[in-house]
Structure formats: C-alpha cells, structure tokens
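Two complexes follow with chain A in common, the first pairing it with chain B and the second with chain C.
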Partner chain A sequence: MKSTLLALKNIDVFYGHIHAVRRVTLHVRQGEIVALIGGNGAGKTTMLCTISGLIRPSQGSILYQDVEITRQSPEAIVRAGLSHVPEGRLVFSPLSVEDNLHLGAYTRPYFRKRSDMLQDVETMYAMFPVLRERRHQHAGTLSGGEQQMLAIARALMARPKLLLLDEPGMGLAPLVVKDIFRHILNLRDELGLTVLLVEQNARSALKVADRGYVLENGRILIQGTAGELLANHDVQRAYLGRELDEN
Partner chain B sequence: MSVSYRKDMFWLAGLFIVLMLTPTILPNNYYLTIMILGCLHAMIAVGLCLLVGHAGQISLGHAGFYGLAAYTSAYLSTTWGLPVELSMLAGVVLTVVVSILVGMPSLKLKGHYLAMATLGFGIILSILFTETVDITGGPSGFVGIPRLSLAGFELHRDVDIFRVVAILLCLLVWLCFNVLHSRMGRALRALHTSDQAAQAMGIDVARHKLFVFVLSAGFAGLAGVLYAHYLTFIAPASFGFMFSVELMVMVVLGGMVSVPGAIIGAFFITILPELLRAFEDIEIILFGLILVVCMIFLPDGLAGGSARLWAWVKTKLALGCSRG
Partner chain C sequence: MSFLTVIDFSSLLQYLITGLTLGSIYGMTALGFTIILNSTGVINFAQGEFVMLGGMMSVYFMTALGLTEPVAVVLAVLGTTVIGALVERLAIRPVRQSPAINLVIITIGVSILIRGLVMFFWGKDTHVLQSFSGDTPIMFLGAAIMPQALWVLGVSAFLLVGFKFFFSKTLHGKAMLACSFDVKAASLVGIGVERMVLLSFMISAFVGAVGGVILAPITMTSYDVGVLLGLKGFAACILGGLGNPFGAAAGGIVLGILESLGAGFISSAYKDALAFVILLILLFAKPSGLFGQKDSKRV
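Right, the complex of A and B next:
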C-alpha cells in the first residue's frame, strides 16, 4: 500500500458560533485522486481552506508527510508542496496570463532559478496550449474553462506534490467539465501528482477519483472507493439523482 | 528588461525633461508655486496609485500623514532649532513609524471599513493639529518655518526649490516603476483581485499590504516636509479630510492603475482651480462639472483617455499619409 501523504485527524472548524466542520478524519495516499463530495454548505470548501492554512481549525491535527502543518502559515504550506486552486478560480484578472503563472511560482526562490521558472511556464503552455495563445491577454478576458486551466497551471507553478482542487467544474459547460477532468487525470498519471478534489458534481468527480468521502453538515457520512460510492444507494439517491431516473 | 518597463522609463525621462524645462517658460513665481504644489501632490498621488490602484487598499488618511510630517519637521526646525535637513528626515521617519502602527491593525479591514478606519485616523490628526495650540499654533497656523536648505545652503529662489522637488518626484516615480515591475509588484496586484487567492499562492498578504501602505505614507511624508519648508507657513486647513479626498480624486482621475495618470491627475487637480479663478462664484460648480464630465467620457482616466487620443491621432495621420 502506498504511503499516506495527507492525514486529517478529528478536525473541528468554527465560524463564530457555527460549527462548520465536525470531527473530520480523512487521509489521502500518495498518487491518489480523492473526491470530497456533498451539497451546498456541507463544509467542503472549508475543509480545503483549513488544509491550506487559510482557516484555522479549533481542534484536531493535519499531518502532511507525517509532519504537523496544522498551525503553519499558508506560505509555509505552499512551500511544503500543497497548492490550492480556490473555488471560483480567482485568477488575477487584471494581470496577464503569463504574470498569473509567474505569481504561482511566488514561493520559489526564483531569483536564483529564474530559468527554471521560465522552463516551468513553457511546460504549462505545453500542457494547456490555449494558455500559450493567450499569454499576453488579461486573465479576466479568458472564458471560464480557460480560467480554470489557468488556475490549475498557476497552482502547478509552485511545484506541488498535492493539489487541492475546489469545484473545478463550477459553472462550466459539460464538455468543458469533461476536458478539465481529463486534465486532472493526466496530472496524476503523467506528473505523479496527488489530488484532493472537492465537487458538487459527484458523478464527474467519482468517475476520475480512486476514493471518495461524502460530507454532510460538516460530518463525513460515507467513505469508500469511487466504485463503492457510485453503487451506494444513499449516495445515488442524494447526489446522483438515481431515484429520479428510476421513477 | 521587458517592453513595458522600457516604456515606463521612457515616460519617466520625458517627465524629467518637461519638468526641467518648465521654469524657463513660466512667466512668474505664481505659476512656479502652483507647479511646486503640483509636484508635491503628484508625489502623494503616485504612492496612493500603488496603494489604491494596484494593491486595492483604500486610504482616506493620507492628508494626515502629509500634515504629520509637515508639522513634525516644522516643530523640530523652528521650536527646537534643529537643522532643516535633519528635521525633514525626522518628519519622514516619524510618518513611516506612525503608518506602521496605524497600518498593522487597520489593514486587516477591507473596502469601506478600511476607508472608515483611515478616515478616522485622518480626522484625529486633523483635530490634533487644530487643538494642540502650544505645539502647532492651532487654527492660525505655524509661522516662521525655515526655508528648505540643502547641505547648509538655503534655497532662496523658488526655481531652485522647484528643481529639487521635481528631481525628488522623478526619483519616487522611478522607485514606483521598479516596485511595480518586480515580483513584489505582481504580488501587490494579486492582492487586489483576492486576498484568499493571493494567500493560496503563498503571498504573505499582511506584509505586502503593510509595505505598500507604509511606502505611500512615506511618499506623503516627504511631500509634507517639503511643503512646510517651501511655504514656511502651515495651517491645519491644508491637511483636512477634504485634501485626502482630493488626493483620491487625483488617482481616480488619472485612471487608478496608471502612475503617469496619477501624476497628470495631480497636476490637473492642482492647476484647474487656478484656471477657474476667473469665474469667481461658479468656480466650484465648474470644477465639479469638469470632474463629472471627465469620469463619464474618460472611464479609464486621463491616462487611458490620452492614450486613446494618441492612437486616434496616429491612425488619422496614417490615413492622411496614405491618401496624400
């Protein structure tokens, strides 16, 4: 069995009085794609932000490669090898596509290795050719799908081992969603990246994922391999719309 | 060096030449005074352009920093009799220190709340300038401040002061361009879009916000000490809330993200009221009207507007040539 890259133990997160995440324990193994699915307000985004250090948990611990990162700054966490692609993409719209990519490498000591960084930019263009076409365009003028690719490429510029993806398919046309998920699979198969994926679109997510967790009201209700979840009656009823199909 | 950096340096060289030639074409000292004030306002405006336009952090307290530096330097040089250069340095340093103390808590706020916090700070300082009569001279002003001097030589002529101020302005603009074209500059623009996204990239958001806030306050401080030692008289009315708003108007009118625009905006806002003096009673109405018209027809500011005008002229010329 492959080694565990990320492990969360009994994580609790509060927003004021609101108990957003309750005693969540989960793990991601090296080279896995793990999907975190659930409805609106289930605590999915909160989970990702907690892992990347944007939100502090009130209790519990987060281990990355067996090192505690729970109270570390977001900068330190990015340096350690976790890159977060935030919900809604949040590309830096007034900046050019290329500047966005350069920003992704912000934590790298590029003054020593500028050529390395430029090399990585070329790698990104090779992976996402559409970004090369638009390299000098403002990121805000890109289509939703292109922005999503840019957000992913930007995160990859930090040379992460683990990619945290928040709703990569949000607001995109089904064909584009398919394309994005194909890219995510490639990242794992070709770059050996580990991916923790948050999605409302449970079916697409479970198609590419190895394992999944179902989050509801901040709790993990069900967990298992992607196949098990797809076959699970409760998951089907709540997230895959199976009952509607049958009726 | 990138193309845009070269373009900016080209622009800076142009600004320097224009400023150096300005005194020769101005008929008298009245115009020179306005140009000096324009340069001082431009110094603050370029700092604000970085803070507001690029990093997206609003401040309505910069008139306070401007005044704080002016009063500090005036007090030290007049009441304590320190050399002018030293008191000017102390004025800028104190402003920087205060901006760090103010910036650390208030930059946690965003948008309107940050505006409120900095506004409050500006008003507190403005009240201090008025009420601490023993130190500042109160509403009737601080008189008898020594003139600006450089290495022991007092600058008697306004032309000399203008040259010093113009050179300093060019230095600050050079500094701004270098910040903007660095890794730091990209990080600042990232803050503008989203704190969270910037943080997810590993950018230390708090530190960058504080840096740009302190930098812009330092610019305002430098302008403030020069102002005090140029006019040799300062009064609280020059450092009130309205001046903070005027500074913001300069940046907005310039096009928010354009450093040249901020400079043009600063000169525009400084010179326009003087041009409108002839209209007496309706002066302020015309002033407002011109600003409104500018914002309607030049949504990307004076910088964007003049760039478009230039492009239009070029195409017209090209057409004319091809026809002729």
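Right, the complex of A and C next:
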C-alpha cells in the first residue's frame, strides 16, 4: 500500500456559531484521486480551505507527509507542495494568462531559477494548448473552461505534489467538464500528482476517483472506493439522481 | 474682469508649467492613496501627512542635526518610509479584520496624531527648504521656469516610469496587483498578503515623502501642509478613477493645471474652490472618473 500523503484527524471548523465541519477524519494516499462529494453547504469547500490554511480549524490536526501543517500560513502550505485550485477559479482577471502562470510560481526561487520557471510555462502550454493561443489575453476574457484550465495550470506552476480541486466542473458545459476531468486523470497518470477533488457532480467525480468520501452537514457519512460508492443505494439516491425503485 | 484681459501665450505657458509642477505633486499623493487602496481597500487619510513629513523631516535634519541638504533629504524620505511601515504594523495590522470604514477612521486618527506630534516637537512655524539647484529662473518662450520645477517634473516622471515598470514587469509588482484583484487567490498561490500590505504602506509613504521633499522649496512647509495636499491628492484620485494608479497620477496633473489656470485667469483667491467645483461637475457627468474603467467581467 502506498504511503499516506495527507491525513486529517478529527477536524472541527466553526464559522461564528455555525459548526461547519464536524470531526472529519480522512486521508489521501500518494498517487490517489480522492473525491469529496456532497450537496450544497455540506462543508466541502470549507474542508479544502481548512487544508490550504485559509481557515483555521478549532480542533483536530492536519498532517502532510507526516508533518503537522494545521496552523501554517497558506504561503507555507503552498511551499510545502500543496496547491489549491479554488471554487470559482479566481484567476487574476485583469492580468494576462502568462502573468497568471508566472504568479503561480511565486513561491519558487524566482531569480535563480527563471529558466526553470519559463520551462514550466512551456509545459503548461503543451498540456493546455488553448492557453498558449491566449497567452497575452487578459485572463478575465477567457471562457469558463479556459479559466478552469488556467487556474489548474497556475496551481501546477508551484510544482505541487498534492492538488486540491474545488468544483472544477462548476458552471461548465458537459463536454467541457468531460475535458477537464480527462485532464485531471492525466495529471495523476502522467505527472504522478495526487488529487483531492471536491464535486457536487458526484457521478463525474467518482468516475475518475479511486476512493471517495460523502460529506453531509459537515460530517463524513460514507466512505469507500469509487466503485462501492457508485453502487451504494444511499449515494445513488441522494447524489446520483437514481430512484431506488428502478433497481 | 480679469479673465477678459488678453491671454497671451507666455502667461498661458507660465500657468501650464506651474500647474504641471503642482499637479505632479498631487499626482504623487494620489498615487500613494491608490497603492494602499489597491492592497487593502482602505483610503489612507494619513497620506497627506507622509507628504508633510518628507518636507518637515528634511528641515529638521538640516537645522537641528546640521546635515547637508542632500543627506537630510534622503534621510527624510527613508524616515517617512519607516513611519509608513510603523503605521501599518501598529495601527492597521492589529485590527486588519475590521470593516474598511473602521480602518479609514483609524487612518484619520493617525493623521491627526502625526500632525500633533510634529507640531508639538517641531513647532508651528513655516519653514523654507532651499531649492536643490538655485533660484535663477530659466526663461523659456517668455515663461520663467524655476529650476526646482524641473526637479519636480523630472523626479515625478522618473517615479511614474519606475512604478509602471514595477507593476507591469516585475513579479513582486504583479503579486501586489494580484492581492488587489483577489486576496484569496493571491494567498493560494503563496503570496504573503500581509507582507504586501506592509510593502504598500512603505511605498506610499516613500512616494509621499519624495513629493513633500521636492515641493517644500516651492511652497514652503509646516506641520499642517498635509491636510490640503491630502485632500487634493484624494480629489485627484477620484478625478482619475479610483483604483487606477496612472489615472490617479494623470488626475493630479489635470487638477494642478485647472487650479493654476483658474488662479491665473480668474482669481487666485478661488483657486482651491475652482478645482473642487470642476471635480464635482466631472463626477456628475462621469462618476467613474476620467480614466476609470467601466466594470465589466465575464461571469
């Protein structure tokens, strides 16, 4: 069995009085794609923001490669090799595509390794050719799918080992979603990246994932391999839109 | 009656040059406002005090410590930059999570404090700083240009080009812009947002102090020059479109020229009023400012 890259133990997160995440324990192994599924407001985005240091948990610990990162700054967490592609993509709209990519490499030793950085930009263009075509355009003028690719590429520029993806398919046409998920599979298969994926679209997520967790009202309700979850009646009824009577 | 007198070319040129000189200082003050606004969402009403500190500290270093002018000027600019950093660390960072309006009011308090301290320790007198390269005017097409005006224009142009380069070519400049576009996304690519805010206060204090230092030989300086300069700089910011650094600089120049033409052709008694009246008219006609962009983004 491969080693554990990320482990969360008994994480509790509060927004004021709202208990958004309750005693969540989960882990992600090296090279896995793990899906975190659940409805609106289940606490999925909060989970990712807690891992990347944007939100401080009130209790519990987060271990990355067996090192405690629970109260580290987002900056330190990026440096450690954990990149978060946020919900809604959040590209820097008024900056060019290329500038967005350069900023993705902000944590890397820039002045000494500029040629490395430019090499990585080329790698991103090879992976997402549409970004090369639009390299001098403002990121805000890109289509939703292109912005998602840019957001992923920007995160990859930090050379992460673990990628946190928040709703990569949100608001995109089904064909575009398919394309994005194909890219996510490639990231793991070709770059050896580990991915923790948050999705409302449970079916597409479980299709590419190895394992999954179902989050409801801030708690983990069910966990298992992607196959088990796809076959689970509760998951089917609640998240895959299938009536039980059909079976 | 006076505005009916013949408008001859040389006096027009004279007013334009005076306006451009004054406008450069307004523009630099406005640039300082914009840099802090972009990184924090806060209008820093202590910006005028940074301008005052540049001039007053130069005077203090020369008279009390007996330093030569170039040394005093450099020290004053550096000192103000340090004060800018202190303002951020002591007054802004501890309450960083508060709503922007609270922070704005804190900056007003900071400005009163700085003004009060300067008055208390260095007095209420008006001081003169010597012109950097003498007071022999250079005649140009019938207009007299003071050498100090050339200093003002040169230094402003140099700073503006420098900032253009910083924000569009360097990674740290772009990172600072990134913070102003989206703080969350900026932290997620590993930009230390707190450090950027500190840097923005230091840069703003630096620009303000440089403006104060090069202006002091022309208008003289005292503990309270920052009030009106701050207001004019703020007006310039709005004139150019809030949040756009180069719009702010251009807004300052427009304001300076309007003021100078108003003083020359109508009456110098109304020069401050005239500038603000024009500002009001413009805001009614075009609320986003002269160079403000209409908000458009893809959703």
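Everything below uses one rule, namely that the second predicted complex is superposed on the first by the 244 of 247 C-alpha atoms of A that agree within 3 Å, B and C clash if a C-alpha of one lies under 4 Å from a C-alpha of the other, contacts with A are read in each partner's own complex, and residues count from 1 in each chain.
Please note the rule applied: a residue touches a chain if its C-beta (ideal position, glycine included) is under 8 Å from a C-beta of that chain, and two chains touch if they have at least 3 such contacts.
Note that the structure is a prediction, hence the values are computed from the model and not measured.
**Q** Based on the shared chain A superposition, would you classify chain B and chain C as clashing or fitting together?
**A** Superposition check on chain A flags a clash between chain B and chain C.
**Q** Per the contact definition in the header, classify A:18: touching chain B only (first), chain C only (second), both, or neither.
**A** It touches nothing on chain B or chain C.
**Q** So, A:91: does it touch chain B (first), chain C (second), both, or neither?
**A** In the superposition, A:91 touches chain B and chain C alike.
**Q** Looking at the overlay, what does A:74 touch: chain B (first), chain C (second), both, or neither?
**A** In the superposed model, A:74 contacts both chain B and chain C.
**Q** Which holds for A:99: it touches chain B only (first), chain C only (second), both, or neither?
**A** both
**Q** Could you pull out which residues of chain A sit against chain B in one structure and against chain C in the other?
**A** Correct list for chain A: 52, 54, 73-75, 78-79, 83-86, 90-95, 99, 102-104, 106-107, 110, 154-155, 158.
**Q** Along chain B, where are the residues that touch chain A in the complex?
**A** Within the complex, chain B touches chain A at residues 183, 186-187, 189-190, 192-194, 196-204, 257.
**Q** Considering only the defined contacts, which chain A positions touch chain B in the complex?
**A** For chain A paired with chain B, touching residues are 49, 52, 54, 73-75, 77-79, 83-86, 90-95, 99, 102-104, 106-107, 110, 154-155, 158.
**Q** Mind listing the chain A positions that touch chain C in their complex?
**A** Its residues touching chain C are 52-54, 73-75, 78-79, 83-86, 90-95, 99, 102-104, 106-107, 110, 140-144, 154-155, 157-158.
**Q** Can you check the complex and tell me which residues of chain C touch chain A?
**A** These residues of chain C touch chain A: 171, 174-175, 177-178, 181-182, 184-185, 187-192, 297-298.
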